[in-house]
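In what comes next, subunit A is part of two complexes: it sits with subunit B in the first one and with subunit C in the second one.
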Partner chain A sequence: MKVDIQSLETFNQLAREGAEQATTSMTQMTGIEADVEVTKLSLVDRQDVGEELGDREFVGVQFDYEGELAGETVLVFSRDCRTSLIEALVGGADSKAMARSGVKEIGNIMMSGFIDGWADYLGASIDHSPPSYIEGNGAAVLPDAPAGGDTNHVFVFKSRIEWVDESIEFYIYMLPEYEPLTTVMADHADTGDDAIPVDKLEVFNEMTRSGTEKAAENVTMMTGIETVAEVSQISFAPITDVPKQISNETYVGTVIEFTGVPSGYLMVLFDEVSAKNVAEAMMPVDMGDDELTDQHKSAIEELGNIMTSGFVDGWANVLQTSVDHTPPRLVHDMGQAIIDPLAAQVGRHQEHAFIIDSTMRTDDIEFEAEIHALPNEQELRQALDDLLVERAGKTDADPEQIFQE
Partner chain B sequence: MPEVLIADDSEFMRNLLREILEEDHQIVGEVENGVEAVETYKEERPDLVMMDIVMPIRDGIEATDEIKSQDPDANVIMCTSVGQEEKMKEAVKAGADGYITKPFQKPSVMEAIEDVVPS
Partner chain C sequence: MKVYDGQGETESEIKSEQIKVGIAEYDVTKNGAVLTTSGLGSCIGVALYDDTAPVSGLVHVMLPSADDMEDGNSAKFADTGVETLIEELEATGGDRENMVAKIAGGSDMLDFSESGSGIGQRNVEQVKETLEAYDIPIVGEDVGGNHGRSIKLKSSTGDLVVKSANKESTVL
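Take a look at the complex of A and B:
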């Protein structure tokens, strides 16, 4: 089964338009100005769905839908935001029941617009259930991703909506059942050069996970800190939305440009506290300094270099090619300032981009690292075309064996 | 003591290698790119070069190729984060005598050196 870039773009655009329509509905009801910040289509391992919600408390609504597409869709927003929304809608809620009813009504109107856009595009009807009120912490607020035959992967459409002038976010998740979605995608794929077999996209995502695990092992070996790979996903989004994939906190890390098939950019980013913690764990003496010193930065640079290799070597070995990369360039800036010029560079040749994201964490100290890759779309497609699924596990190479041959 | 040249663009990694090696080896130079590695090799003729691959100006495989073409008896161990099969084959082709991948610990470095320059 294949999906082409054009239909990925169309589907992503549909999700974005649906989210915009939902946001307009909310603004009309409440007078609250909000914007759709990001819409992306991600191929994610089932267990990773909703990781970006952290452990914050959310409330929202959930619908089942069935027809040409089937699955679940959810609108959630932080519990703190609920009060303001209800006040804007009905001038204050005296009871919990009224608050829930308000949430359901906002959700109902917002999400009906979202689903209708899909039905219109597909020229089919999609029926949805009445809204159910949901609440919970982080990913637990979301329904289980629908089962998808023999795959652990699910396609998820995610939109993040930000309330203008407030740091309040809404999320829309559309979790379609795998088979109907891929069938619809295949039906809308042309047989031209830009079609990608869906199973290869999954294999690539598995390779990304494997690369993240290797990078996490390298961190553990260099620092003694037990580190685990947390999430890996491959997403597809308009270039204009790419910078918004990274939060605007200050990061320390490295950027490299890789060349080969595919070419692109790769960022290894730590928040400032994590950067300092991990750099000190790499050095034999306590630096005893609150600021990042040149020694901290040198350690981060080398760690970024080694993590980068751990990440891209697996691609090269599976694809039986070499992926060269530049020496790491140290960056210390706000997230969007780091990724902006890279997205601009990639955007010279394409309107949408695949974004490969991974995170790793540890319980030992405050530590979190993010890896983001921005490959050239056309070359990634070529790489996927060349990919032999049966080589998916061959991410490691043994120098001893090669030197003995 | 065997003389060693360290070629790595990372100050952190040069320090780490120096700490691992200086007890049993004499460090004759620390350089940051492949051009400096070739030049310093010509001047110092060390017993061993610990050569990174990804370096600015000139990478470690090209530098190894040039060192080996000038002195086929040179001993070069690639000491790199790159774990790609194709790169390892390129290193063999350039004449590298050994290959260790970062991150490494002292025993694996000493073992690789012992294989190339037996004590």
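Take a look at the complex of A and C:
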């Protein structure tokens, strides 16, 4: 089954318009100004859906739909967000039941527009159920991702919506069943030069996971801290949404440009607390300093280098090509400002981009690292075309070899 | 396009409205709102202000020129972005003869190109060229270098507050 860039663009655009319509409905009802920050279409391992929700408490509504597309759509607000919304709507909720019905009402209005937009575009009817109220912590608030025959992957449309004045956000997830969605996407593709075999996109995702696992192993080796790869996903979004994939907090990390097929950029980023923690784990003495010193930064540079090598080797093994890269550059800046020049570079030739994201974590200390890759779209497509699916498992980078470099 | 004219807002609302301008977006205001944009790396924020109207606007451009690109979003490019902002400000009651500009961004951080100038620098050059073509003076700038910036245009005063990571804010 093949989809093309055009159909990925179209479907992403549909999700964005739906989210915007939903947001407008909410603004009309409550007077709260909100903006759709980012909409992306991601291919994710089923078990990783909703990782970005963390462990926070969410409430929201869920719809089931069937027809040309089948699956679930969910709108979730954080709990604080709910209180403000309901106050704006009915001037405060005295009882739990009222709060629930407020959430349901807002959710219903927001989501009807969302689903209707899809049906209009597809020129087919999509029936949806009445909204049901949901609540839960983190990813548990979401319905189980639909199982799709022999694949572990699901396509997820995600929109993050932020209020203008406050740092409150909510999310819309659309979790269509895999088969109907890919069929519809393939129907809307004209399978010309830019067709992408969907199954290979999955392989690429698995490959990214392996790369991240390698990078995590390298962290463990360097620091003695047991580190695990958490999430990996490949997403598709307009180039102007790419910088929003990263928060605007200050990050420390390394960036490389890689060449070959595909070429592109790879970032290894730590938030400042993580950077300090992990750097100190690599140092022989306790720094006892709250500031991020040059020693911390050079430790991060070294670690970024090792993580990059692990990750890139994972790719190269699967692609059976060498992936060359520049020496890593140390960065310490606002997240969005770090990725912005890279997006601009890639954006000279393409309007949309694939973004490959993964994270790793450890339970021992407060530590999280993000890896983001921004490949050239055309070259990624070619790499996928050349990729033999059965090589996906072969990502064994030899650590000895990495350390000899 | 969104124009905030203050209608429908209560008199008691003293705190200035904040309008977020995303990448490759612009917005204009005539009610003293604060226009913000964040995470400028090689991108540039161009603030235009006509205090006789008064109207203000902010555009967040990403690439130097719309030439050779089949892309309908004028706000993505330095040349067409600045032009669009001028036109929108005039449509809202401004006059290009009275406009002044303040610009920030265009950093050359993470420029991997081995020859020629990076996107940040070319963005700066293009913004300046387009503003010059419209005879709009640049009365404040914080461009180049190798760090990111976030900016806030206080349209009631025309002040442009520039914030960088690990640095104090400056006001242009």
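A few comments on the model shown:
Please note the rule applied: the second predicted complex is superposed on the first by the 396 of 405 C-alpha atoms of A that agree within 3 Å, B and C clash if a C-alpha of one lies under 4 Å from a C-alpha of the other, contacts with A are read in each partner's own complex, and residues count from 1 in each chain.
Please note the rule applied: contacts are C-beta pairs under 8 Å (C-beta built on N, C-alpha and C of every residue); 3 or more make two chains touch, one makes a residue touch a chain.
If you're wondering where the values come from, they're calculated on a predicted model, not measured in any experiment.
Of the two partner chains, neither subunit B nor subunit C is touched by A:130.
Contact with subunit C, but none with subunit B, is seen for A:351 once the two complexes are overlaid on the shared chain. Of the two partner chains, subunit C is the only one that A:243 touches; subunit B does not reach it. In the overlay built on the shared chain, the residue A:306 is in contact with subunit B alone; subunit C does not reach it.
Contact with subunit B, but none with subunit C, is seen for A:323 once the two complexes are overlaid on the shared chain. When the two structures are aligned on the shared chain, A:341 is found in touch with subunit C, with no touch to subunit B. Shared-chain residue A:332: touches subunit C; no touch with subunit B. In the superposition on chain A, the residues of subunit A touched by subunit B in one structure and by subunit C in the other are 326.
Those residues of subunit C that touch subunit A in the complex are listed here as 18-20, 22-24, 38-43, 62-63, 71, 73, 76, 107-112, 118-120, 147-150, 165-166.
Put simply, subunit B touches subunit A in their complex at residues 9-13, 19, 54-56, 80-90, 92, 96, 98-103, 105. Contact residues on subunit A toward subunit C in their complex (touch as defined above): 35, 37, 162, 164-165, 239-241, 243-244, 248, 250, 255, 257, 265, 326, 329, 331-345, 347-348, 351.
The part of subunit A that touches subunit B in the complex is made up of residues 218, 221-222, 282, 284, 295, 298-299, 301-302, 305-306, 308-310, 313, 316-317, 320-327, 396-397, 399, 402-403.
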